[in-house]
Amino acid sequence: MKKSTHRVSLLVALSLAAVMLLSACGATSSSAAASSAPAASTASSAAATSDIQVAYICKNTVDAFHQTVNTAAKEALDALVSKGAIKSWQLYDGQTDPATQVTLLDTAITNGANFVIFLPAESAGSDPVVTKCAQEGIPCIVVNSKTDSTDAKATAFVGSDDVFAGEMMGKYIEEKVAAGGKYLHMQGVIGNSAQIDRGQGIANTLGKDSKFEMAGEYACDWSADKAVTNATDAITTYGDKIVAIVCDNDDMSSAVQNYCNSIGRTDIYCIGVDGNAGPLGMVKAGTLGATVLQDGASQVTTAINMIPDVTSGKQVEKTTMIPFVLVTKDNVDQYLK
Amino acid sequence: MDSNEYILECHGLSKAFAGTKALTEVDMMIRPGTVHALMGENGAGKSTLMKCIIGLLEQDTGTITFEGQPYKVKNPAEAALKGVSMVHQELNVEPYLTIAENIFLHREDVRGPFLDKKATLKKAQALLDEFKFGMPAKTEMQNLPLAKAQMVEIIKAVSQNARLIIMDEPTSSLDSEETEHLFQTIRDLKAQGKTIVYISHRMEEIFQICDDYTVFRDGHSVGCGRVADITTADLVTQMVGREVKNIFPKVDCAIGEVELEVKNLTGKGFKDISFQVHKGEILGLTGLVGAGRSETVSAIFGLLPPTSGEILLEGKEIKNKSTTQAIAHGIAMVNEDRKQYGLCLMRSLRENISLPNLKSRQRGLLLNKKREKEECAQYAKEMTVKSAGLEIEALSLSGGNQQKVVLAKWLMANPKVLILDEPTRGVDVGAKAEIHTQICKLAARGIAIIMISSELPEIMGMSDRILVYHEGKLNGEILRRDILSGVVTQETILAKEFGQ
Amino acid sequence: MNSLSKKGNRLGMDQTDLSLLMRRYGIGLVLVAMCIFLMIATPNFTKASNLLSILNSVAVNGCIAFGMCVVITGGGIDLSVGSMLALGSVMIGKMLDATGSNLIACIVCIAVCTFFGLINGLLLAKFELFPFVVTLATQLSIRGIGYLISGGYSQGLTNVSFTNIGIGKTLGIPNAVFFLTAILIITYILMHRTKFGRYDYAVGGNKAAATASGVPVFWTIAGSYVFSGFCTGVAAVLMSARINAAQPNIGIGYETDAIAACVIGGTSFAGGISTTPGCLIGILMIGVIYNGMNLLGVNSYWQTILKGLLILLALLLDKFMNKKH
């Protein structure tokens, strides 16, 4: 029996090592590619830029919105590498957990990173990343949503004005439902900067409009499932009195619109923010009236293209806001890929 | 009645559970320094009485006196403090703790808030050496063979200064050698002035080791006295309430041609085994535990395939890589541990009986419940299973009836070969006889039967031929006529088990 | 010895001290193998700062895991630790607001978590319910309480001295490491040196035998859950300091990591078998995997796969070495 236990543990230890080896081969680190670049580039750019190692700490790799952002980031960062503007870059997956993002910063620093592009998971919880970068003197550009100390301590912020997005949604509803009525508000994760600001924008418009009354506000954690469940209950309660459902993102608004359509309530206007592929498709098909596109790709690309300026000491804009776009059937083709 | 004459006295004990009277006005008197046999069929009230004495249950009425003082305990730990301990049939040990830790559980030596492991180990080792145990005190319990683990429980009781030790079926899992060792220990304890209460179904043991007896039947104490003054037949009559003429009602039947043959079968625990079993024949396999009997039949049944050798069924070679294949070939096995392997205790009788037979009896996609009920009822009846219907849980049957359900299950499968491993283990005398009758019935149908038993009288009474195993090999074949004529005795067979 | 072995009643084989050691700490060899592999694959692995970073990153889960180990050893399981973490964090936020005192915030946090541990313990010790189900129920309730008290809001902690508890250093070593070590030592003494630990092993190994020997089963079970609550309270202090926030939505899934660490470290799910050093090995292995994968830039999906494989490995090893299961 002793022989077989040793055999088993040896077998499993070997397969474990094999998995690690395989996964290491599949590593997405572009350091291998980068090391050939400096030789190729007849760098007229200052020799100093070639030792920049960028840590791209993303929020996650599973949300539709963030997948688009990450893809754009990859392109932009690879471009910088081939131009010789940076030496290498590596993606660190925050798995939507602020504690993980804090740990990842440590790992990135161990790996030699000296520049950080950061997409926070949470305003309060992810803040230590920004403060630590400031402490260590590592430039940090925050993208898409702010943390508590972003304004004070980050090198720069590139995002979009979520208050404006909220107002855009409010104005759309005011336009479409001239008579007013009751509306529902489906929210993202409470405490997230996007959630706070978009809510503010809605309050600035619909909230102040006497023709409209908010029948219910629900914390749906950005989840389409939860939004539909809450919408179902509210429509059962209020019936025809509901004229609009405003959602903090369009995963929620598209799902809710689908639900309304399925029960014959195509008269309800649902709108959200992001501009993900699904909702865009619905807008084209005519089953969803409109969605507010957040150009995440543009945000992150702008941030990444700031890197050479920052490292060469040039002054950069502290805050850059990429505009939102109201996408309707008229202009949806531009944005559909 | 001089109160100093008895170490333990129970008077008028009654205990009822939800309307069922488990004990009715039971009296029992145990003399100090004796081995007192407690006998009775399963369900007669023995274990209920023991549970009252040990503190797991509280009697409704009646008194218990121990060493002249009134005795009442709330739990086994309290009973142990007063000097009454029990060695359970299903051992109650901590498998992952060491011997020392088991013996001194809840009595550990401490230094301040911390355990003094060295001191406890030393004490335990001293105890083991006294008993000539032979293994270090820091061995983990799960690494001990059953006999040794049982010894640890006895040592624990002694270390708690038990004056009365109750042993519940202590030899049910021991072979002849270990049983003898246990008996020696009991005699040593007796010599030290301890009193043993000995619960067992094995008649010959009662006469070997016990001084006094009390018989229970249906919750009453129906007889007591000195073992020397009574015979087996009388004891059985008292236990069963009727005369049981023959515990081993062997009915000879026609023996046909060879059904199963094994040639030079070798595997884990057995080597070069060759024998034949005929239709209608009961072939008994006997030997010390670990001698290779169970291993051989496990190989035949497909539980653990052999490493070399042949198995021939009706002249054709077969290979059983799994029990499914074995059953498909017509070989069935009744395992010695019916609770684990023989029955799904939580399911009904009907479900248990039909389980291996669903494939052959039920053709369509959906179960034909009506047919299942009829057929199961038929086989249950044929095996004389006593129960309040087919739908009750197997768990609620007595040991004997449970075993009959297992037999019914395999009878329905109409096997060619039926292997029985300790078929009457844990079954009381009355039911034993019934099961033996059923086994003979099965033989009469032409089934070839292989029977393993550690009870020599049973094997000698039931088998047409006996094969003796010794350390993985065959050491002799005995024919029925030699047993009947007295040429071969228990001693002869035992000697062969030991290798002579 | 072999002639005494029994058919079917076999309790096990002879074991020398060496094979006992292998059985308990064999998984440590796998950890060593992983470290060697990483040393070769990336030179950054062995940097002192990196090794400390690993300890830092596992500190929160590690504290929870030690508490979980005590519970599982006694035959139970505690699924509510993640929710307790969140509630503890919320309490810190509220206490800092109310009193501004770090000490009071820590004490209240640990006390609240220990209290809910006691609730778990009493429920389970008194009634014959399944620990899985009961702690699932308390998992939901406790999280709800956390949301109720916080109003659903996350709160940034402005008290710098508090955050220092989690991310500061003493004598060059991150404070989190001290926390982890302290819990490690307490758990070790408790389980291997006191009567409570012995009883915990006994109750998990064979409850009937423990009862028959007079072991206080009720208080042993309750006590194990109290300890789990306590450890989670400490973890909550650490966590809140590290993310600099009091949040009601953290800790989701943390019970899985704690259980994984225990199982990988040789704790048997059936109860009665575990070692504290083994638990530490399990905790470290998870940390090493994450760290190694991140250093190598490996997709995070592989990390989860690897963690799952590790648990399987540990279970297989456990099965072959502990035949009783």
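Should a chain be cited, it is by its letter among A, B and C, assigned in written order, with residues numbered from 1 in that chain.
Here, a contact is a pair of C-beta atoms (placed from the backbone, for glycine too) under 8 Å apart; a residue touches a chain by one contact, two chains touch by 3 or more.
Bear in mind the structure is a predicted one, so any value in this text is a computation, not a measurement.
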> Which chain is the middle one, judged by CA centres?
Replying inline: C
> Which chain pair racks up the highest number of C-beta contacts?
Replying inline: A-C
> So which chain is farthest from subunit C, going by the mean of the CA atoms in each chain?
Replying inline: B
>> Roughly how far is subunit B from subunit C, centre to centre by C-alpha average, rounded to an integer in Å?
In response: 44
> From the C-alpha centre of subunit A to that of subunit C, how far is it in Å?
Replying inline: 33
>> Centroid of subunit A to centroid of subunit B, CA atoms only: how many Å?
In response: 69
> Do you know which subunit A residues sit against two or more other chains?
Replying inline: none
>> If I count partner chains per residue in subunit C, which residues reach a count of at least 2?
In response: 13
>> If we count contacts the way the header does, which residues on subunit A are in touch with subunit C in the complex?
In response: 1-2, 4-5, 8-9, 12-13, 15-17, 19-21, 23-24, 26-29, 31, 61, 90-93, 95, 98-99, 102-104, 106-107, 109-112, 122-128, 131, 148, 189-191, 219
> Within the complex, which stretch of subunit B touches subunit C?
Replying inline: 75-78, 80, 92-97, 101-102, 105-106, 108, 110, 113-115, 140-149, 173, 175, 178, 288-290, 293-295, 335-337, 471
>> Under the definition above, what is the set of subunit C residues touching subunit B in their complex?
In response: 1-15, 20, 189, 193-195, 198-199, 201-202, 205-206, 208-215, 272-273, 324
> How about subunit C: which of its residues touch subunit A in the complex?
Replying inline: 13, 19, 22, 26, 29-30, 33-34, 37, 41, 44, 47, 49-50, 53, 56-57, 60, 152-157, 163, 167, 239, 242-245, 247, 249-250, 290-300, 302, 305-306, 309-310, 313, 316-317, 320-321
